[in-house]
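In the two complexes below, subunit A is the common chain; its partner is subunit B in one and subunit C in the other.
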Partner chain A sequence: MPTTTASAVCTTVGNNILLRLTSGERDVKLKALRELKNQIIGNRTKKLSFLKLGAVPAVAGILSDAVSAVDVADNDENDRIVKDIIVQSAAVLGSFACGFEAGVRAVLDAGADILIQRGCLVEEMPLLKSYMEVVDAGARSLKMIYQSKMAPKYDFLQEENMEFLLSLLNNESENVSGLGASIISHSCKTSLEQKLLFDAGVLKRLTSLLGGSLIQRDASLESIATIFKNNPEVVSQFVGPDTGRTLSCIIEIVKDRFARTRLLASLCLIVIRNASPCYLQDVGIKTKLINNLLELLDDPGRVGDEASFAFSSLIAEKEDMQKLAFEVNGVDKLYNHLQKGSLHPRRFEGILLALADMCSKLECCRSRCLSLQVLKLVVDALAHDSSDVRSAACMCLRSVSRSIKFIQNLSAGSFMNETIVIPLVRLLDDTSTAVQVAALGAISNIVVDFTTRRSTFIRLGGVKLLVQLSKSMDSTIRLNALRALRNLIFLAEDKCKEEIFMELTASLLASLICDPEPSVQEQALALVRNLVDGRINSVEYIFAEDGIILDAVGRQLRIASKAEIEIQGMYVLGNVATGKESHKEAVMDQLLLRAENKAQSCIIKFLQSNDSRLRTAAVWAVLNLTCSSSPGSSGRLVKLHDAGIVSHVKNMVNDPCLDVKLRVKTALEQFNSFDDSLILCIFSPAASNNKASTSCLQFLTVRAVGELSHVVDPSSKEEESIANYFRFSMKKNKKKKSTRTVKFCFDVPADSL
Partner chain B sequence: MSLFWIVIRQLAEIEAMAMSKKVITREEWEKKLNDVKIRKEDMNKLVMNFLVTEGYVDAAEKFRMESGTEPDIDLATITDRMAVKKAVQCGNVEDAIEKVNDLNPEILDTNPQLFFHLQQQRLIELIRNGKVEEALEFAQEELAPRGEENQSFLEELERTVALLAFEDVSNCPVGDLLDISQRLKTASEVNAAILTSQSHEKDPKLPSLLKMLLWAQNQLDEKAAYPRINDLATATLEDPAI
Partner chain C sequence: MPVRVAESSAPSQVSGAHSEESSPPICSLLTVGQAFSGTQNVSNLQKEEAWRVNVRIQGCDLEHGYLCGTMEALNVPMADTPVVTFWEGEIVDAKNYTFYTGKWEATPEDDIRHWTKFPSFAPLLSRVEADGGKSLDLSNYPYIFMRWKEQYFVNVGTDCGLTIAGFYYVCFSCSDGSINGFYYDPNSSPFQKLELKCANEGRSGFSFSSYELQ
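Our next item is the complex of A and B:
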């Protein structure tokens, strides 16, 4: 078979070369090195086979010997050969490390990176330093190594390392300064490192490199972006006479003739823009960046692939940028690229993500996507080989499905239903977790509809899958599965709710409410809220299995500290309180149960919260518990009053949030309808003897219209001098229809009178 | 040289033309052309750029001495590049590869397409010299793996190997591969890659100017009838058709 012969030949040749590498004669060694170099450059297969033959350690050994031999070198001839050996072996090692992971690993294992650094670039070798070729060869090879993800992390915190780095940057040779910049781009990750580099003044040198050769410019742009990335502090310190110059320099480079340079310049500006809101905000520069990136998409190579990712980072979460991009036909342009077909996976992923970002907030973008029939291509992408592409397609779908037109199913009929739902359901079982999460995100939106999509989903066994995923070990999956279920159950029909509940079971729901992850708790509570919302039968669900769900809700409310959880929990109780008497009483029990070490019911804390959503939710619950049409409401009102809840509600009459204010108004009207007037007696023992206390007694009659005057004894030091109070309710107004029985009670502590 | 002047002036003139379609006589046209001023220094730079980019070292050196125009690349580096180009043009591809790797080992490592084309050229040379077995072995060992990595390489490889299937290679469908023009194409590709790695633009400016001229004339054709340049080599003005 030809193949065996070929590889046999290869091995023979290979072995021959390696044999000659071990020769004692320098000439032979040098020749063999050159041959090896010429065999492997550009040829991945050869690299692999030479790797297996152990070439890397052999060459590293030769390099090491040659470097030590420099000291001993005594004449020009020897010098030259030793120099050549160093150059060639560095080139060989650099080539092994070029874009070839196994090669990088082997080179690092052999300690070649340190060897090259010491041998070619460090001051201690004055003889070698005079040979620019050696320096260049070493710099090139190290740069290859540092371009790989596996390269060792450069420790900027060590002073000698910093000095070495600066010496590299300041070197005249473009390979050496390029190496310095490469090291920064590769190794600088933390904000501490960014600050160190900034403080060491590298930016000055990097800026001057911007005016250098192509290699220097590109390397410098990458480094500058690395130093500023996500670091507002460093960017803000960027202020000075140099700033304007550097920025305008980079802005000029955005128009460079080389595509890669244009991309790197744009990325640099985007990084600066995202880190600090005061730079690069005028419309001119925004439009320039958008147009530049859209144009770069036309590049057929890697630059075009990466341009879409840059575009995403420019517009993500920024409505103004998305609007600008829309105005220059960004959606259409992206769609045109999508249409080209047989795209490289990276490019495909990038464009899908860019579309997802474009449609994340603006209806005009989504609407345009729908009319361009983008969904067809996106749905095809759901079955792509690459998991990144599948994931990106789901995210795109998730954004576009936020469109009104989509929800109302105005565009196309059954195509939308089965063609979308089927592949999505399949993805719930995907091997990649990220894809599952993305699919769940898309499903969450897709099931919010009132047409056939929901039933299609259920018919395809979607509920089973979602419930299964809600038991996953991975909390992100649990979270997203619950979100999808929550949306599925939103305003669902009884039968649908029943199916879902049967699959979920009360015990699972209760345990999810008490999940270790707060965000999962929140979704579980929201799910229950949607479950019990609607008709009275729905409320029954919460009492299943001896009311474990209700208990769980109550428990979470008492111990929770996150507003979102408290809000959902209160709405659950509020919804349950719309049910029968027994339901309302059950809610009362939960509310009045106090947590350990807490003097008051949790609802009081909610009523006083800074978060208006929480206050609204709490007032809703009170409203529903005391609605006039229910027979038990007056009793509940008293209990609420006893717990101090009513007075808190009354205090909220002038709440700054309109929602809250309106609910409170309704609540107070309800309270009023119960005809009770409450007489509050407040007296405070100002002095220690009884006579003085008696004289401080003050009576106040409070009409049941929500006016509560709060009187504090002026001689008392504390605000809370309402130490004791009398409370009794008595018959009131002739105006009211019914007369109520008088309830009379005193609460008087023994020592106060 | 005077041809150049006409061409350049013509270009400048067309750009300044008015909107309506009208007829312009040769007299009017030549008068307008004469009114346009072009600097000699710019012309010299264009010429130097052409010589240097294409690699005509001796001509560039001579031109520098005679006109005083400074080249934008160090003439010394041109020599290395020209050696590579020449090697490819003579069919010594292996030699060319060695020279490129000596000049800059990164070029072929980071340019898979160029590397493939060089290897392809090697295969063509082996076939041209009748070394069929060696050619097959070479294709199997060196080129097949490249084809596996990339669909378009595979197609080109298949075309090349097809040469072996024909008795009369000069008349077969893929016979163009054996042409000198194929060598020149590869040589040009290498030249461009080396130039780029040295941060220079790989194309001379002159062709772009001529392209612009043709484009501008096409645009103007919609609006006016005027003396056109139809033959770029002679750059003579031809009267407008009436």
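Our next item is the complex of A and C:
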């Protein structure tokens, strides 16, 4: 029912029109439809008003009636009016849907899309020239509906749908073929659908449309891009005599006089290039694309807004493209646009992201940004109203600071610490999660700093915020907060570490190490690794609160299956193993005694890993535990030997990785440096013989550190010589003021010594 | 149009994250955070001096053959405090950099003259003379050759009386992390030697930390 609208005049006029729409006389209806169409065309406010008055269902009803009334066989005056009514009502519905989401919703709710399709486009109508007007109107309207995200998904898998689509594409009317192309652009999402369309041969028709009218060309370019997007398989099948023609056709269109067409052609080529890098590798075409897009930035409208996004998709992750873009002054050109000020948010966002991509790998781009003072504009954007712009500004900063050289230059140069740090810290509290994550990314790079920026960050309350975020329910935020903390702690001074640890607490760290997300576990372990590095008293942190952190580390190592986690965990233990005796023993405890059901130590698994980084980390732990300068090392060596770890290390003497090989070599030298007269004996408790000590002893196993196990046959004569050796070694030990001891596992008859 | 969504979760090489962990280092002793200490002998007309030197690696980008860090010189006569400089290194990996410097007023003859002072260079000499060492596969060689160039003073002014105009030819031993270097500066005495050992800073064993640039 009619509701009040903003303008009283509108209400009167609106109600009047609606009233006449309900008239029984076709002439009146037709006139009312025309008036309605003229009222709403290009006028969002009027569309909204009429929407509220219930215009859409009313018009849909009229369309439905008219379609039923059509008698194709007849061609008299009456039919003409009916046709006109169909045309006008289709036009009105299409207009409501044009660029107006609420209108699209209303049209779809009224089932008008199906009505139009059935009424205007199916069956005999498209075949009759006299009905071309109807067909065209229907096609135009449907196209407008299909431009909306809310339009229904077209089911390509249904054979009749595919046939209908092909009939649309093959139609001569540019509106009808344009509709076919629109449907593809809108609905084709999966690689299966892409393949179906490709196999159905639509490309041939789309290519011929490239030579058609402006509408056909643009629609075709969008469709071609949609079919190829991210689908290397389809692109690779795109071979044969047709390929060259289509590609060169599109390349020509890159020079078209209409900006939008140039943009669409560029996007099409980019899609093909990204899906299958063997196409469009020529330096000439690469440069042409880059220059084209940089020029399109000059367009003041939507094309200019979108050009930077297209530029990003062209150069993202591709160092060669970034280099080419740099050589044609890409950074400068982007900066010039930034400087214009009062940018539309979409444009601002696009340019910032384009700069982020430019600086993602190349030092020359970062330096250029620094010298152009781009950063000042980027930092200003951190406070923009649009969250997309704030996010993009953070990504730009992150990209630019992804270089230790750059970070050093920042420190050395005049760009102040607080200028960057203050607005970034503020964003940690942003209402948008995406912005928080982006800010965390930039912060985590910027805090890798060996000067004062760290202390500025801490002073501004950055640590408190990071710790808070590390408790977030959102795992992405937890992860990125931890990354920033990990970097912050890297080589931090004692005081700084202490402040961070007080805020974090041992229990939080322990729970983060056991976080449900593996990547969070990894970062937590990396944080602890950095925490216990540095001055030797830093190792104590891991023992805080009854050693819950160390226990958590040990536990994760035993259950982890991801190499990255295992590597960090091993380095934690390896670092702790460079501490005092008690620290080393605690590590031994984690590695050896805690294994469930006397299973082998996890370190053996790591020593055998395919990942050389993990093997390296494991060998370092062993090296640190058996460091020659430590008094308890020989005892630890014996235990490691018993656990089978030493022999595993020995087996790695020809490791394919140079670093591992060198560490193993050092380890073996270290093992051999221990007194080799150290013998570990196990005596059988059932020594019942009372003869001379040597023959009483039944040696089950004689082991020498550094040599293989030697099982002695008690009945053989070996016994005596081994016993002599043993006695000799014992004497030798007594002489030496050595702290090394021989270990006994069972009772030894007292008179044997 | 592609819309950028904030990158999330796990770091990966594909995403471009410059991770210290993702590609294994050539040698774990030449990684960020590692410290080295030793001496540089400084000769001038009057006498021989030796300064204590501490070096720390701060950045490492193997893909681009890049390294950087700080160098701290202690008991420098002209200065009241230790003098700290920031240096950048080029790793001779036959991909990014060769044995020929090609800048900093060092001729190929100067290059060869300096590299041959390292015993570990001897097996490579003939190949280097032939093609600059481009055909060498140094990935399994237990020594890493670099050039280190100090870029600026971190804690003193340029009027401190010290020069950083030259650069070092450096040889790093992967097995024990020891570093030998020769300073080259056409305006200074030749072959001033830098000798450093891997420092474990009071610990028994070697401790490693890391950071990750996203």
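As a working rule, the second predicted complex is superposed on the first by the 640 of 753 C-alpha atoms of A that agree within 3 Å, B and C clash if a C-alpha of one lies under 4 Å from a C-alpha of the other, contacts with A are read in each partner's own complex, and residues count from 1 in each chain.
Here is the rule we go by: a residue touches a chain if its C-beta (ideal position, glycine included) is under 8 Å from a C-beta of that chain, and two chains touch if they have at least 3 such contacts.
Remember, it's a predicted structure, so these values are computed and weren't measured experimentally.
**Student:** On subunit A, do subunit B and subunit C fit together or clash when superposed?
**Tutor:** fit
**Student:** Using the touch definition from the top, say if A:Leu51 reaches subunit B (first), subunit C (second), both or neither.
**Tutor:** Neither: A:Leu51 stays clear of subunit B and subunit C.
**Student:** For A:Ala586, using the defined touch cut-off, is the partner it touches subunit B, subunit C, both, or neither? Pick first, second, both or neither.
**Tutor:** In the superposition, A:Ala586 touches no partner, neither subunit B nor subunit C.
**Student:** Once chain A of both complexes is superposed, is A:Ile145 in touch with subunit B (first), subunit C (second), both, or neither?
**Tutor:** Neither partner.
**Student:** Taking the superposition as given, does A:Ile215 touch the first partner, subunit B, the second, subunit C, both, or neither?
**Tutor:** first
**Student:** In this superposed model, does subunit C or subunit B come into contact with more residues of subunit A?
**Tutor:** C
**Student:** Check the residue A:Thr476 against both partner chains and state whether it touches subunit B (first), subunit C (second), both, or neither.
**Tutor:** Only subunit C; A:Thr476 stays clear of subunit B.
**Student:** Classify the contacts of A:Gly99 with the two partner chains as first (subunit B alone), second (subunit C alone), both, or neither.
**Tutor:** Only subunit B is touched by A:Gly99; subunit C is not.
**Student:** Least CA distance subunit B-subunit C after superposition, rounded to whole Å?
**Tutor:** 19
**Student:** For subunit A, which residues lie in the overlap of the subunit B contacts and the subunit C contacts?
**Tutor:** Correct list for subunit A: none, the interfaces share no residue.
**Student:** Flag every residue of subunit C that touches subunit A in the complex, lowest number first.
**Tutor:** Counting only subunit C, the residues touching subunit A are 1-11, 14, 16, 18, 21, 24-28, 32-33, 56, 58-59, 61, 66, 68, 70, 86, 88, 139-140, 142, 152, 154, 174-176, 200-214.
**Student:** For subunit A, which residues are in contact with subunit C within the complex?
**Tutor:** The touching residues are 267, 306, 309-310, 312-313, 317, 353, 360-361, 391-392, 395, 398, 401-405, 408, 412, 434-435, 437-438, 441, 444-445, 448, 450, 475-476, 479, 483, 486-487, 490-491, 517, 519, 526, 529-530, 532-536, 564, 567, 571, 574-575, 577-579, 612-613, 616, 620, 623-625, 627, 629-630, 657-659, 662-663, 665-666.
**Student:** Taking the complex as given, what residues does subunit A use to touch subunit B?
**Tutor:** For subunit A paired with subunit B, touching residues are 2-3, 5-7, 9-10, 34, 37-38, 41-45, 91, 94-95, 98-99, 140, 144, 213-215, 257.
**Student:** Sort out for me which residues of subunit B touch subunit A in the complex.
**Tutor:** 97-98, 101, 105-106, 108-112, 115, 136-137, 140-142, 145, 149, 196, 198-199, 201
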